[in-house]
Structures are given as structure tokens and as C-alpha cells.
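Below are two complexes that have chain A in common, paired first with chain B and then with chain C.
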Partner chain A sequence: MHDRLTQSMRASHLLALLFVLAALGLAAMGAATGDTFYLRLGTEALIFAGLALSVDLLLGYSGALSLGQALYFGIGAYVSALTLMKLPSFWLAMAAAFLATLIASIIGGLIANRVRGVYFALITFGLAQVMAKVVYNTRELGASDGMIGIPVIEIGFGPFSVSAGSPVGFFLIVLAVIMGLYALTAYLLDTPFGRVLTALKANEKRVPFLGYSVWRARMAAYVLAGVIAGLSGALYPMLRGFVSPELMFFATSGNAVISVVLGGVGTLIGAIYGSVLLVILKSIIGSWTEHHLIVIGLLFMLCVMFLPRGLVGVVRPAIETWLSRRRPAPVAAADPADLPAIIAETARTSR
Partner chain B sequence: MKTAAITMFAAGLLAATALSGSAFAQSGPIKIGVVTPLSGTYTPIGQQVRWGLELAAKEINAAGGIAGRQVNLLFEDEEANPSVAVQKAEKLFQVEKVDFLTGTVNSGSTLAVAQLAERNAKLAATTVSFADSITTDKCSPNMFRVNARAEQQSVALAAWLAKEKPKAKVYYLGPDYEMGRSTVAAFKSSAEKGGAQSGGEVFAPLDSKDYTQYFGQIRATRPQVLYTSVAGNDTVRLLTQLQDFGLLSGLTVVGASGTVTSQNITAIGAAAEGFATGVGYSPQIDSPANKTFVAAFRAANKTDPDLYGADSYGLLFAYKAAVEKAGSTETDKVREALRGLSWQTPQGTKTIRAGDHQAMQPMYVVRVTKGKFDIIDNVSSENAIGPDACTRF
Partner chain C sequence: MKPVLDIRDLGISFGGLKAVDQVSFQAQRHRITTVIGPNGAGKSTLFNLISGALKPHRGQVLIDGVDMTGAAPERTKAAGLSRSFQITSLFPELTVAENLRLAAQVLEPTGRAFLPVGRSTQALARTGQMLERFQLAHKRDDLAGNLSHGDQRRLEIAVCLASEPKILLLDEPTQGMSHGDTAQTARLVRSLTDDVTILLIEHDIGLVMDLSDHVVVMHQGRKLAEGPPDLVRADPAVQAAYFGHA
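Up next is the complex of A and B:
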């Protein structure tokens, strides 16, 4: 039952559990000291972690580098902002953002999935830039100034309600949403659909011979990633009370890619760790020196040179070994980065 | 477990920083947060803001501070991105507990920071953003603006134009994006109030290489005045191409304050001659206060101040006057003191209008003569300010 992918995902889940425990500990500490800034910074980091998660789904599983994932993040943010200004309901805003990004990512996917590799990266980049320019020049959407005046909402769960203005309350809600998205993605990747995605990354030409539609799998991954980015984006205006076209700019997409590489491509939880680390680093280094971009750039380069599998990529094999020793698995633990090699090998032997 | 260790480290770090940011309210130095672009495209503007504020803080501290308390400036880089600006401003408000905040450059950042200041019950001011919305339909009780807004610039220029070329036929050429269209619309309405006629308008894409395709239309309407709000290298191409086609003779070219600047004036060369615009500041202002300021600024930074440096310099003196008048740094008291406050700046007397928190100031019309801007006219603050359109307070 436990193949290599399941094995490594179980290690990711353990890291996810640690992440949630650490986040809960931090939230408790923040609440005890009456902190607001660090809790809200953490909330923002989690929101951008959702975006990074969607990038990792594409890059780490279907093997498609999206340089314009901020497009769906931005659409989610704008739709949520517009909804909240009409009717301050959390659920309605999330539903609206879901629908809007679903439609947008189907359209975007139809365009971007006509091509592969570097062309896919360029098309996604272009789509996001075009949309950002459209928003930048549309007066009804606030144009270059963005939109302010998004109310601080009450988020209702049956008889309970939490204010988005409460640092701890909103932190926990965002944590629940993002970890929910993580769990959903991890579940889907564990289904046959997820295996087809992994196969796509390893040997796309072979997939149709096994009876699967490449286009359909790529499309499904793209739409799923778009919706995840959109739902994360929908949380942004609830936290900050405004949206601006900069949310769709390349800087946002680029940061998400950096987070994924920092945390570990193809690990899912690595995207979340990477994003939190990047936001914290940017905040600390940015206050320390105005040359923070150089420092972040150097750290990124060092990470690519010495930790090419990212932070989680480094620790995960150890956890896998530990897990397999606790419960012996039929197959020895292997890193998913070796998967292409394994599949290629199977392909060779079956020839 | 390396990642867990890192998380624990980050957690410890967060807790330590959170605890160290305790408040020193009403004693010790007055902290002023500056959220301004220190990296990226807007760095030159952020640099002027920084120099202006640092010079003012140095002078205020040397003279005994604000109500006996020293001024301490805390800088953060906003990268000209509202999302970053809000995050940094929140850090300054909540962790550093600053008493006052300034520095935002692009209007989106200023508007977002205004809302944040409101939610944190603190005051903020901009010395750079000129979008009218900041002190009109999106005005905030916690935001002040001490620089001239777009309408003041166009009103000053239109007033000069009405005097210089009464009932002139004006042709408008703007860059084809939201800001370009709104600057043309704003100047057009000011000019038409002064009796100007419209000869037509055209919008060229940003970064156009060839403007000659529009010259036929311009020739056909025979305008006396051409208004343009293109900027940077677009201005270089537009003006030199106009000159090559011999269209500049008998035509007065006027424009937005960012159309011809010290950065592109040499590249435009002789084609810039006669270009006029409305500004809130010029280092040539002939007053003792400005001469002292320019000399001190040049000594400190080896360059001339521009309007951003001058407006930022002036802001600290407004804050000083307000805190001393209020006898406290509390938000409500300082807000009351700032409303209607008149104070001296290198640009002359400025007054903050209580109704919309917009500074009223004398405006200047400058024209390029022999490759340099000369002040040719000024418009009194009352005539340049325009109606109070803020309804929130």
C-alpha cells in the first residue's frame, strides 16, 4: 500500500502537523503578550503561503512553472473586496472568489495549456501582466490607487463569530483555511489523479500510451491551482482592508516561486514553510538595511546552490526513514525527487 | 527536525522583538516613522524625502527639539508597493509605537496607510502623493497632505495661461493610461474655466516611439497651446519630433510637473525651450528662507532639493508647531492643532485647510529658459486651492 509517494507525503504531513502546532503555540504566545503586529504579519505570511502552495502544485507535481499565479490571487482579492464592500459576509466573499477564479482559471488554462515548458511560463507571466494592466487602468476598480474602505468583517460559524480585526481570531481562521487547502491538495495528489500528474512531470509522452489524457490532467491541475490561489487571495482584503493592482504584479508571483524553491519543490508543506520564512526574513532584513533585496537575493542563490531541494527537501528523507523504521513499508523510502528516475527506469525495463 | 528548530527559532525571535517594543509615551524622544521607497523605481523620490526630513530633524534637534523632546526618525522601505507600505507602517505603529508617520510616495500607498492610521488611531501625512482623491472623495481624518495636489498644479498653470494667452485654443496630448487621462481631464476643466477652447485631444500609448502620426491632427486644428502629460523619455521624443517637424514655432507647450524634469531636460535640449508648468516648489524661489534652506540642503547632500525634499522638510516644522500648540502628541489633540495651522516653509506660508486636511500654498509657474527652469509667475494659495470636496469630516 505504501509506495514511495505515499511515504514521502506522510513525512510532509508530519511536518505539517509540526507547523500547525508551532503556529498554535505562537498564536497563544501572541495572545498572551497582547501582540498584534506579529500575529497579523504571520497571517499575511499564511495567506501568501496559499499562493505558494498553488505554485508548488503546478511546479512540483505537473512540472509546469507558472510565473503568473498572482493573477488568480489578485482576482480572488478583488472579487472578495468588491463583495465585502457590498455585503460584509465571509462565506459570500469566499464563494464569489471561488466562482470567479474557477471561471478565470478555466479560461487561463485553455490558453496556457496549449504550450509547454518555458512557453507555459511566458504565457502565464503574460496573462498576469495583461490582467494587472487592465486593473491598473480601470477606474471602476480604483485604477492604480487600488480600493480602500473594505470593512472589518465578522466571520460567523453558526452561533459563534470571530472578527477579522481580532489578530488571534483571524490568524486561526486563516491557518484553518490554508491548512484545509493543503489537506485537500495532499488528498487529491494521493488519488489516481495525483499519480497521473506525477507521471506527467516524469515522462509526459508516455502518459497517453497508458490511456490517460494529458490535457485533462494538466487542465485539472491548473484550475485547482488557480482556485487555491484565488481563495488565499480572498483572505487578503479581510486582513489589510484594501486591494491594489500590485497584488497581481510579477513581484507577487515571483515571491511565491522563491518561497517554493526555498521550502522545497514538490513537497507541498515546503511551500508553506518557505513562504512564512520569506515574509519573516523580508520584514526583519527590510528594517535592518535598505539593501534587503541584495540580502534576500544572496540567500536565495545560496539556497539554490547548497540546498537545491529546499529546506523541507533536506529534512524530509530523514523523517521518511524514521517513519519507515517505525512501520516497515514494503518499499524502501525514497525521495520523490528520484521519482522521475524511477519511472524512467520502469519505462526502460518494461520496454 | 531542522525545520522545527528553525520554527522554534523564529518563534523565539518574534516573541523577543514583540516584548522589546514597549512604549515611551509622552517622554523620551518623539518617534516619527518614515515609510518611503528606498529601493526600486521611486528611489530618487524616497531619497529626497529622506534628505528633507533628516535636515529638518537635525535643525529641530539642534534648536532643542519639539517641546524639549528630541526627534527620532525611523525609516522603512515601502518598495512603492501598498501591500509592503501597510505592513511596514503597521510595524512602526504597533512595534515601534511611532507618534507620527510620513513618507509614502505613490497614491495607492498613501490611501492604504491613511486607512491603517485610522484603524490604529494615529496620524499620518504625505509630502509627495498628488492624486486629488487623497484629500477629496477618499479623505481621511487621520491623513494630512502638505504638498500641492494635482488640481493645484493645473489651476496655477491654467490661471497663468488665461492671463498669457486669453481664450487660447488648446490641444491635449496625454499618455494612454488612467493617470494620463485624468491629468488631461483635470487640466482641461481648469483651462476651460479660464476661457480656453479645446482643439481636440489624443492619447498616445506609453513608450511611443513615433508621435508624428498625431501631428496631422494637431496641425489641422491650429492650436496656440499644446498641453501634454507624457513623462520621461516620451517627452524627449515628443518634443524633439515636434521641433523636427517645425511645429514648435508659435506654439506654447505646457504640461504636467513631471513632464520635463532635471532628468530629461538635457536630452530634450533646445526643444524644451519655452515649456511651462505649474509647481509647488522651485529652488529658485527668491526668499531668504528658501536661500538658507537650499544652501543647507546642498551642504548636507551635495545636490539641490526638489519639491519632494522641500515639502518633506516643511512637514516636520508643521508637526513641531502642532505638538507644541497641543502640548501633547496625542492623536486627537495634534489633529485639532494641525487643522487650520499656518507655518513657514521654504515655499512661503502654508496653511492646512481644516475641511479636507490639504495644505494651501502659493503656486509657481516655471518656464524653461536656456535649459533651466525660471519662475515666471505665481498664483496665491487661495486662488490655486480649489473647492473643499471632502465630506467625511
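Up next is the complex of A and C:
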């Protein structure tokens, strides 16, 4: 089947593969040199990449700008922290964060999906700010200081185990989780279910007349994005050993949106590249000047003006073309019903 | 035989204006029923009431004998009603094939909703059929937004038909088309009655007379007359209201 959206997703997969290879290479270098700082920074970038991924699912596919995605990231982080302090189990913390963000995003979705466009952005922003303030003022959750003293856990896989305290070990685990979330999202977007989400962005008004409930599709996208953000957030306390209300603040949500725009809206893998890029920029520029946010802001504006499709958005079409040239196979595998189309296509291209 | 679409005493008002008022008619299976009337007669509002885009204040809409009054568009769609729009409403950033596949996706068993789209054999086969029937096969990978106006109007009908509906509501399918395109579209619409019942809004009177089995004339929200094309055309009231000269 010769399908443009599938083809685009394949191009993203190729970039994802490159990303993983580069990450593995750097991890090996880090391990060989006994580095801690950069591996931990890289791990943090990956965790925030998960948040950016969830923003791109909404913004780039179902067409809804969430300015409060940090809400679910923060809920995931806090629930994970609370669970770890009771019982230091990776799997239990992930399961608890999953359940908590599932419920939270259903409630949030019921509120936010009553409106669309700018109002949706404002409602998601408001929800996150309200929750952040609640956490900020709740002494049981550490209030403005957050919670510290989250134990360093051993992450068990059957007979093997990795310590979250091992920079390279935990980096690899986070890489696996985030790429797993990427793969799951990419898979879902290439199914009939996911294509309805894509249709929402393309022309929401037409969708109900094709027989699909807009509300259900929007809810599905919102809850899926919430859970992805929550699972990413759950990794945060394992890395840093603390959580703070700042994880839910607008700066966190805003950074995720910036990452997506830098990387390329609606490319999925762009969110991950963008997030890593943002962390690198921040730490490089931050080492020159303490006003690094001004520079980041300017770069963001330049990117919106001159590179509106983002880094991956610029590179990806070329990869798509290369993939389709490399792969004339769809013709042979096509449905017999498509034959006239194929003949016409061949006639056109061979001219 | 039971009518596929049964409209009973349908009405809606906006403020004080009765946009559609006491309209009743039936659409018979495999026939073309055309709604005509001057601008502002309430034709498109009538389509919105039938397809679920608007909820009627009074009256009933029966699809295949089932009461679907005020049901949401996705439910009237599930009941077998598909509609096009006066102003083309496609997915401009998606390809021609994807526009059709998306519409045909309802034919797949629900279990396939979470399998890759390449496995949606029924939807893909239907997409292939539609591409061929509507002579869009050579444009399957073009973005719908890049098609010519005529091709977009044709694709719009194809999208409506891709889900194998029982009833097709076509709102001015030849709107803005060239003379040649109009004739071609008329032939196409006629050929569709083998599969579906058609309810049409059309302005081109020549086309209406040619194509319709049954004509419903609307004027200021009300039904003025209905019947076979010749009889309706000869009706003095219709001539006064619509054709403007007796």
C-alpha cells in the first residue's frame, strides 16, 4: 500500500533509529569516560522529550494546542515519588503513575474538550496552574519545597537489575521507555483509530459526517497524551531524587511546546530531537550568560519565522522521497483494484 | 414500498424567522428527489436538519423507518445517511486516496481499528473502486487541497459514497462547475441510483428536469409543491414564486 502518511511515518522511524544509534554511541562514550554529568543531563532531556511527544500528539495530529501538558507530567512525577517512598519498585511506580494520569486526564479532558482552539489552550493552561498552586500549598506534598529523599531504586527485569543510580544504566532505561512511547504513538497514529485523530486536525467539521464522534476522538487523543506525559514524569524522581511544584508550572509546559516547534510539529520524532536540542542550547548558552532564556526566546522566534516546519519538518520530506525511490515494491504488492491507478502512475512517471 | 427517507412536518426557527416550516415529503428508494427553491428558501437548512447538523424544533426524520430526529451527524451517518456540502468540505492536507480511505474506514470490522491501515482490506478495496469510478485514480497521491474545483466536487461525492450509504444528500454538486463538468457530473449522479437513494439540492433547472424523479419546491421555508418534474414546472404557484415569470 502506497500511503503518504505511512511513508511520512517511515521517514520519522528512520530518524528515530538514527537518534537511538547516536544515543547508544554517546552512552558508550559516557560509560567509557566515567561521565556522570552529561549522562544525567541526557537522561533529563529524554524525560522531557516524553512530555514534548505528548504535546506533539495533540498539536501535530489532533490539532489542539495544550499549554498545560506539564499537569500530567507533574502528576506522574508526584505519584511516582509517593509510591517510591512507600515501596521502591520501578514497575509499581510506573503503574501508579499510569493509573493516576489516566484518571486525571479523563477528568481534565472532560473539562478541556468542551471548548477548542484558543479556549482549549487557555483551559489546559488554567488547569495546570490551578493544580500546581494546589500542590504548591499542600504541606503533605512538601508544598513549595517539593519532596526530597526519594530512594535510589533497583530496576528489576527478571534475573537482571539496573540501579537508577547508575548514570549509563538509567539513561538506557529512560531511552527504552521514551522510544517505547514514541513507537506506541507512531503505531497508533498509523491505524484507522489514529487516522481519525489526524482527520480532526485536517477538517474537524467534516469528521462527524463521516460517522466518527469528534468528542470521542478528542478525548482519546487527550487521554493518550496525558498518559504519555505521566509515564515520562514518573521517571523524573528516579533520576533526580526529588520532585517540586515547578514540574507542573507553565515553564515546563512551555518548554515542551518550544521543543515541538523546534523539532517540527506533526513529525513525532521532531519532539524528541527538539527536546534534546533545547536542553543542549540551554546548557551551552547558560554557561555563557545567565540570561540564557532571552537567547532561547530569540532562537524560538527565529525558528518560527524562518523554519516554521522545524528541523525534522525540513529534513523529512527528503527522506520520504528517498524512501519511496528506494522502494518501488508497493506496485507489486498493491491491490488488483488499484491497477489502473498504477498504470496511470507508471505512465506519468516514465514520461 | 417503505420510503428510505421520511420527513414529517419538520421545522426550525432562528429568532423569529421560520427557516424551515412544516415540511413533509418522502424519498423513494433508488430515486432522485430534488429540492429546489430560490436562495434563502431553507434548502440547506433542511439538509442540516436531516443530517443532524441542526436539531429540529418540531417534526420527525425517519431513515429507513427508524426515527433519527435530532440525532448527531455520526449517528445519522451510521444509519446510512451520507451528505456533501455546498461549500466543498474535504481534508485538504490529506491525499485523495486518504480522503476516501478515511470515509471507507467505517466498513471495516471494529477489531481492525487498532491494526495498521495497510490491513484495512475492505476500506482499501473500496477506496480503489471509488478512485476508478470517479476517474481520480491518477490523482490518488495528490493532496485534496491541490485538486481543481471540478475534481474537488467529484471527490466530495466520492467521499460521501465511499462508506456505502443508503441515502446520499448532495448539496449543489455542480456548484461552480463548467458546462462540460456539469454534464459529466449529472451522468455520474444518475448512475449512482443503482446503489443509493439521492436527495439533491440543485439550481440548474435544466439539470433538475433531466435528472429528478421527484421534485420538492421550497419557498420561504415552506414546501410550495411537489411532484414529477413536468407537473411541478407547470404549476402556476411554482412559476410565480420560483421561475419568476408565468
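Please note the rule applied: the second predicted complex is superposed on the first by the 328 of 351 C-alpha atoms of A that agree within 3 Å, B and C clash if a C-alpha of one lies under 4 Å from a C-alpha of the other, contacts with A are read in each partner's own complex, and residues count from 1 in each chain.
One rule holds for everything that comes next: a contact is a pair of C-beta atoms (placed from the backbone, for glycine too) under 8 Å apart; a residue touches a chain by one contact, two chains touch by 3 or more.
Since the model is a prediction, treat every value here as computed from it, not as a measurement.
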Touched chain A residues, chain B compared with chain C: B
Touched partner set for A:M305, first chain B, second chain C, both or neither: neither
First (chain B), second (chain C), both or neither touched by A:Y273: first
First (chain B), second (chain C), both or neither touched by A:T33: first
Partner chain(s) touched by A:A199 [first = chain B, second = chain C, both, neither]: second
A:Y212 touches, of chain B and chain C: first, second, both or neither? second
Contacts of A:V118 with chain B and chain C, given as first, second, both or neither: neither
Touched partner set for A:R4, first chain B, second chain C, both or neither: second
Interface residues of chain A shared between complexes with chain B and chain C: none
Chain A-touching residues of chain C, taken from the complex the two chains share: 51-53, 72-74, 77-78, 82-83, 85, 89-95, 97-98, 101-103, 105-106, 108, 112-118, 120-121, 123-125, 128-129, 131-132, 137-138, 140-141, 159, 163
Footprint of chain C on chain A - complex, ascending: 1-6, 187-188, 190-193, 195-196, 198-199, 201-203, 205-206, 208-214, 335, 337-338, 340-341, 344-345, 348
Residue numbers on chain A that touch chain B, as the complex places them: 15, 18-19, 22, 25-26, 29-30, 33, 35-38, 40-42, 44, 136-139, 143-146, 148-149, 152, 165, 240-242, 244-247, 249, 251, 273, 276-277, 280, 283-284, 286-287, 290-293, 311-312, 314-315
For the chain B and chain A complex, residues of the former touching the latter: 1-4, 6-8, 10-11, 13-15, 17-19, 38-39, 75-77, 79, 81-83, 86-88, 90-91, 94-95, 106-108, 111-112, 114-116, 119, 131, 133, 138, 177-179
